[in-house]
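Okay, so chain A shows up in both of these, paired with chain B first and chain C after.
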Partner chain A sequence: MTDDSHDGDPTGRPDASDENRTRADRNATATDIASGRTRNSSAARSRPDRLRPETDGGRVTDRPEDRGAIFEEDGDRELDRGPFQQWVANSISNPERTYRAMFYVATIFFLFTTLFPFYWLLMVALTPEGRQQDIVLTPNGFNPGAFVEVFQVIPFHWYVFNSFVIATASTIIVLVIASLAGYAFGRLEFPGKIPLMLLVLVISFFPPAAFFIPLNDLFNTQFAVLEPITGDGSLYNTPGAMVLPLSAIFMPLAIFILTTFYAQIPDGLEDAARVEGTTRLGALFRVIIPLSAPGVATAGVLTFIAVYNEFFFSFLMTDGQPENWAPILEGILGYQGQYEVMYHLMAAASIIGVIPVAILVIVAQEKIVSGLTAGALKE
Partner chain B sequence: MARVRLENITKRYGDVVAVDDVSLEIEDGEFVTFVGPSGCGKSTTMETVAGLTRPSEGRVYIGDDEVTDLAPKDRGVAMVFQNIALFPHMDVFENISFGLRLRTYDDEEINRRVEGAADIVQLEGMLDRMPDELSGGQRQRVAIARAIVRNPDVFLMDEPLANLDAKLRVHMRTELQRLHRELGTTVIYVTHDQAEAMTMSDRIAVLDEGGLQQIAPPLTCYNEPANLFVAGFIGSPSMNFADAKLVAGGVETDHFVVELDHRNVPGASVGDAVTLGVRPEDVHLATGAESIAHPTDAIGARTDVLEPMGDEIFVYLVLGDGDARSMEEDPATASDQLLMSVTPETELREEQSVEVVLDRSNVHLFDATTGEALVHGITDLDSSGREPGTTSTEADS
Partner chain C sequence: MTTDTETDGGTEDRTAPLIGDERTSERERTGNRLVNWMENLSEAAYAYLLLLPAFALLALIAFYPLVMTFVMSLREDRTRGLEPLGGFVGFENYVDILTGNARLARQFLDVSVSASYPFVELGVPFLQQALFVTLAFAVISVLLETVIGFGQAYVLDQDFRGRRWVRVAIILPWAVPIVIQGMIFFLLFQPTVGFGSDLMQWLGVFGPDPLADSQDAFIIILVADIWKSAAFMALLILAGLQSVDRSLYNVARVAGASPWQRFKMITLPLVMPALLVAMLFRTMDAMRVYGLIESTAGCTTVPSLTCLVVEAMFGGTRIFATAAAVAFTTAIVIGLIISVYVFFFRDTEGGLY
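Here is the complex of A and B:
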C-alpha cells in the first residue's frame, strides 16, 4: 500500500542511512504531500510530520522505500544503504547465502558443545597433579605422562577390556535375538502380532532401576548348575550379571529398528532365496540381514555405546575389582582415593575409554555407507 | 525333469478362497501356462507347487513323490520371479551360483556350471557385474540362468516378462521357447497375457476366481472354449456375445436368427436361453461371403467406428436401428453390437449401412445360466440333418 503512495514520486525517496534521519523526516513529509494521500485533511498531513520522527526516527518511511528499491533494481540506491540493510537485502535476493550461513552457525554450535568437553578433559589430563585449579583455556603445565600413569596406578587396560567384552557380548546377543524378533514382526503375519509388539514397547518404558533389586537378589543366589562356570554358582561378579540385564533393556530399541528394516526387503528376494535352497532362517542371514546392513549397524552401534556407557548396573553388579569383570566406570572411579582425587588421571582415563567407541563408530560408519551403496533395492 | 500333479488344491486366506479345488496333471517336459485375470489364483497355484504357499487342502506331487509338506529347497524346483528378485548385494556370478554354493559342489563344478548357464542365456563377460549395472533384459537372463544352473526338475516362471518393455518381451518370449526346446524341462508359466500363453505353451490352463476353467492346447482353447469365460478371455479382441433363445430350427437373438437343428444342441431344449458367441474374424461382409461354406442369412447393420490395425480393420457394427445403443456397454457383450474383422483392402466408411453374415461353422453356443459350452460350430443343416462337423465337446472340466 505504501508503494502506491510513493509510486509517482521518484524524487521523494529518503536516504536509507541512519545519519540522514533529519533529511528522512523532511522527505517523508514531501512524499506524503506528493503522493496525494495528505490531501484529505490538514490534520492527516500534520500527524505523520509530528509522530514519525518521535516514534521510530523515520525508519518507518525508510523501509518500504528500500523494498521498492530492491524490486526496482535501482542501482544508485544500493550505494546509499547501510551495511546491515545491504546484508538484509542481499539475503532476500540470495537466500542460499543465508541458509549456508545458518548451516555454519548451527554446525559450529554443535561442534563446540560436543567437542569442548573433550578439549577440557584434555586440558585437565595434561595439567600436572595438584595444579588443576585456575585452568582457563590452556593447561597449567604440560604432563603427557598422565596417559601412561593411568595404566601404572591401576590396571586400567583390564577395565577397558572388561567393558569391551561386556559391550560386545551384549551387542551380539541383542543383534541375534532382535534379528529373529524383527524377522517375525516385520515379515510374518501371525495372530497377536500387534499386542506382542506393544508388550515389547511397554517393557522398554520400565525404568531400569525397577529391575535392579530383584535382579541383584537373583544374581546373588547360588545355583548348582552355574557352579562349573562361575565358581560359586552366582552371577554376581561375572559379565553375565551385566550382559543379561543390559541386553534385555536395550533389546526393544533394536527390535524396532530391525523390524522396520526387515519389513522393507521385498518378499520376492526371500522367496528366491528359499527356492534356491535356504531355509527361512538361511534367507534371513544370507539375504535379509546383508541387505539391511545399515539398520543392523545402527542397532549394533547404539547398543554397544549404550552398554559401554551404562552406569547403574555396571556400578552395582560387581565389587569393583578388575578380575571380577568390573567395567571401565569402576576403573575411572579407582583414581579416587580416600584422601585425594587424581583428576588428571581420571581425565586421561576418560579420554582413553572413548577410543574403542570412536573406532567402532568410524568403522560402522563405513559399513553403513557401503551398505547403502551396495543395496540398490530397486524393486 | 518330472511330472507335476496337483490334487484338489484349495487355498483359503481367511474367508477368501484364492484357489478352489484345482486338479491337474502336467507331463514331463511339458510347457504349461496358467493364465487368467488378476486375482484368479494362478500365482497362488504356482506357489503351492514351489512350496512358498502351503495349500489349505489337497496334495502336490512332483515326479512320483508327494511334496506337499516339503520346503521349497527340497522340491527340485527353480523359479523366475516377476520382479526378477536378483540379490542386489551379490554380483552376477554369486547370484547364479547362490543355489549351488548352498549345496556341496566343489568350486570347479560351480564355475563350470555357472559358465555353462551364462553361455545358454548369453551373459558371457558379465559375471562380475552387480545387478544394478545391468539392463532389464540382462537381469532377466541372470534370473533365468540362476534357475537353470541347478538342473531343476521343474521350472516355475511367475510373469517373468511382465516388467519388460514390449519389444524386449517379444524377444525374451522366443528365447524362453528356445530354452525350453533345448533343455526339455517341465515348465509352469504364469501370465495374465493371453498372447504369451497362446504362443509359448503346449497347454494352457485358464483360471478364474480360483477355479480351473479349461486346460487344453492353445488352439483348442481358442476354437473350442469350454465356457463363456474362456471364450471371452482367450483371443484379442474378445469374442462377440449375444443373448439368444433356442427356438425350433434356430437360435434367435434380438436382431438375427442363426438356423440350426435344435436337436443337435445337447443339454438344451427349445425355449432355453443361450448365449451365442462368434469371433470377430468369423463375421463377414455379405458381399464377399461366397467363399464361406456355411454362411447365415444376411444381417443388416450399420458401421460405427473403424479401427485400422494395419493387417486388418476392426469394424464396430450396430445391429437393428441402433438408436438404443448405450456407450457404456462393452461391445463384446452387448447384444446389439458386433465386432467384425476385415482385410485392410475392404472399402468401408463410418456410418455406412452394410449386410454381414456369420460363419456358422464357427458359431459357439453357451448355456446362458451356467456358461458352459453347448456347441462349437453349426453345420448340421448342410448334410440333410446329419451333423458332420459338429464338435460338441461338452467340457467336463
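Here is the complex of A and C:
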C-alpha cells in the first residue's frame, strides 16, 4: 500500500509536502501552542521514515510528516481511544485520509455494481440447459461447453465479424465527416452557425422508426450506378444499408463532442502552424486533431459502441442471414428457437460479443488519458 | 508544429526569417490547384465547404426521410384496401393523439380537466400513458446517471495502480448490446431464473409479478438503464476531466482551496461543456427508449413514446399515418425539453454555441 504513494503522482510531491508543513504547523498550534511548533516541524523533517511502518493498513501515506506530528502530539494522551475513534480523530486532523478512504469505497462500489451483472451472466452461461432456476452466485452445474456450442448452433463468429466491419466503417466515416463539421462549428465564424447546429441536433429528436419507411423504400430502389457493386443495384442486404443510416444517426453526437473539444484549442497554436506554411486542412489534421486526442478517441469509441449495439436498424435492415451482413443482434436473437429460448447460449454469446468492445476500450483508453499531455501543451 | 515540408523540401525554408515564409507558402500553394483554391476562400465559404459532406449525408439519410414521414402523418389512416394511406386530413391525427382518441394500444396522453382537486383527471393510470412514462423515465434516469457518471469519472481520473483495468470495467456496461442488457435484467427479475424479484419482494418494494406490473417494471427498466448508461456519462465526463489543465489545481492548492472548492471552481466549470453534451444526448436517448423495454417487460407494461411508434407502424394494424404523427409529436416533445436546456445553459462558456 505504501508503495502507491510513490508511483501515484510524482509531479504533485513537492507541492504536497509544502502544504503538509503548513497544515502540520496549524495542528500543532491548536493543540500545543508553546512547544508544539518547533518540536513538531523539526521532528517531522528529520524522521519521516521512522514513522511510516506505524500507518494502519488501508491508508496510503502521502505525507508521513503530518502523521508524525499527530503521533507525537496525541500519542501519550489518547492511548485509551478505540480504533474507530482513533481513525476518526486522524481523519479530522488529516482530511486527505478520509478522501482516500472514500475514494476506495467508491471504486469498489462502482466495480461491484458494474461487474456483478456480467458475473451473473457468466453463471447463466455456465448453467446447463434446462436448469436455469434460482441462479444466485453459483451456476447450477458446470457446462463450459456452452462457449463452444455457441458457434456450432449458428455461425456466431460471422455475425460478430459483420458487426465489427459495419461499426468500423461507420466510425471512420463519422470521425472524418464530423471532424470537418466540428472544426467549422467550433473554430470558424460564419452566418447561420447556430441554426445549422440546431438542424444537426434535430435529427436526434426523432425515434429511429420515423426514418425507417422512406429509407427502406430508398434502399430497395435499384440504382443503375450501384449495379456493378451490389449486383441488383439496391442497397438492401449490403453493409451500405447499415453503415449509411447508422453513420447519419450517430453523427450528431460526434459533431457535438468534437465541436466542444476543438473550440477549446487556443488560436495561437493554429496561427503558429499557419504562419509556418501549413495549409488550412493541414492545420486541422496536424494541430487541432492531435491536440484534441481525448475528444476524438471518445467520439470514436462512443460511435463504434453505439453502432455495434444498435437495436433498430440492425434488426430491420437485413434479412438476418450472416452472408447478407446481418449484425450481432441477429446472431443473439438466433438462439431464440421456435419453442424455447436457449438462455445459456444467449448469455455465452453475449459474453463473447462484448469481448471485441472490451479490447477496443482497452486500446482507446490510452488515448483518452493522453489529455494530460494535451492539457500541458494547451497554453 | 509540422508543416507541409514533405511535399517540397521546406526544411531549410523553415529556418528562414519570417519574411521568407510568405514566399514559401506561395510556392507550396502553386503545387496543387485544389489546395490553392481552398486557401483563398473566405472564412464563411470555407466553413460551408467543411460542412458540406456532413449535410450531404444527413440530407439523404435523415432530412429526406423525415419530410416523407411528415407528409405521411398528414394523411388519413386507411385500414382496408390496397393503399394504406388516404387523403390529406391536415393535423387531425395529431389532435387524436393529444386527446387520447387515437387507435393505439396505449394512449399517448389521456388527461381531461376536472372541476375538483387536483383539476386534471387521468383517463388511464399515470404509468399507462406514454408521455408521462417517458418523461418520468428520462428525468429520473438522466439525473441519476449524471451523478453516478460523475462519480465514476472522478474515480477514473485519479492516479492509482490498475487504473487501466478499473476504467475498462466501468466502461464495459456501455459496450453491452441492448438485447443483452435487456436479457440480463429480464433474467435477473424473472421469477424462476433470477433472484432479483425475490430480493425486492422480501424488501417489500415489488408486488407478486414484477415484470407484468407497470410500476415494478418501470423500476427494473430504470435500474437497467442506469447500469448501462452511467458509463456513457462517465466516459464523456472523463474526457472532459482529462483536458483540464493540471496546473490549475496546483495553483488552487497553493492558494489554500479545499477539495470541494477545487471541484466547484475549477473542475465543474471546465467540464461543463462536455457534461452538457453528455446530458443533452442522454436525455434525447432516454426519451426514445425502446429496445430495452421491448426486451424486458414489453411495450404493453411500460409504454414509451417510441414503443407507440413501433407498435403502430409494425403492429399489423396499418395505422401508418398515426405512427408518423406519434413520431413527430415525440420529436416536438424532445425539442421542447432541449430548448429548456438551451435556455438554462445559454450563458455557459464554451457550451452549445
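We take it that the second predicted complex is superposed on the first by the 260 of 379 C-alpha atoms of A that agree within 3 Å, B and C clash if a C-alpha of one lies under 4 Å from a C-alpha of the other, contacts with A are read in each partner's own complex, and residues count from 1 in each chain.
Convention: contacts are C-beta pairs under 8 Å (C-beta built on N, C-alpha and C of every residue); 3 or more make two chains touch, one makes a residue touch a chain.
These numbers come from a predicted model, not from an experiment.
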item	value
Touching partner for A:279 - first (chain B), second (chain C), both, neither	both
Touching partner for A:302 - first (chain B), second (chain C), both, neither	second
Partner chain(s) touched by A:261 [first = chain B, second = chain C, both, neither]	second
First, second, both or neither for A:329, with chain B first and chain C second	second
Chain B versus chain C as contact partner of A:271, first or second or both or neither	first
Which superposed partner A:193 touches (first chain B, second chain C, both, neither)	second
Partner chain(s) touched by A:251 [first = chain B, second = chain C, both, neither]	second
Partner chain(s) touched by A:111 [first = chain B, second = chain C, both, neither]	second
First (chain B), second (chain C), both or neither touched by A:148	neither
Chain B or chain C, by number of chain A residues touched	C
Interface residues of chain A shared between complexes with chain B and chain C	269, 272-273, 275-279, 282, 287, 374-376, 378-379
Partner chain A, residues of chain C touching it in the complex	1-4, 10, 13-14, 18, 21, 24-25, 28-29, 35, 38-39, 43-44, 46-48, 50-51, 53-55, 57-58, 60-66, 68-69, 72, 151-152, 154-155, 158-161, 164, 166-180, 183-185, 187-188, 192-195, 227, 231-232, 235-236, 238-239, 242-247, 250, 253-254, 259, 273-274, 277, 280-281, 284, 288, 290-291, 305-306, 309-310, 313, 320, 323-324, 327-328, 330-332, 334-335, 338, 350, 352-353
For the chain A and chain B complex, residues of the former touching the latter	266, 268-269, 271-279, 282, 287, 290-291, 374-379
Chain A-facing residues of chain B, complex	50-52, 71-73, 77-79, 81-89, 98-99, 102-103, 130-132, 146, 150, 156
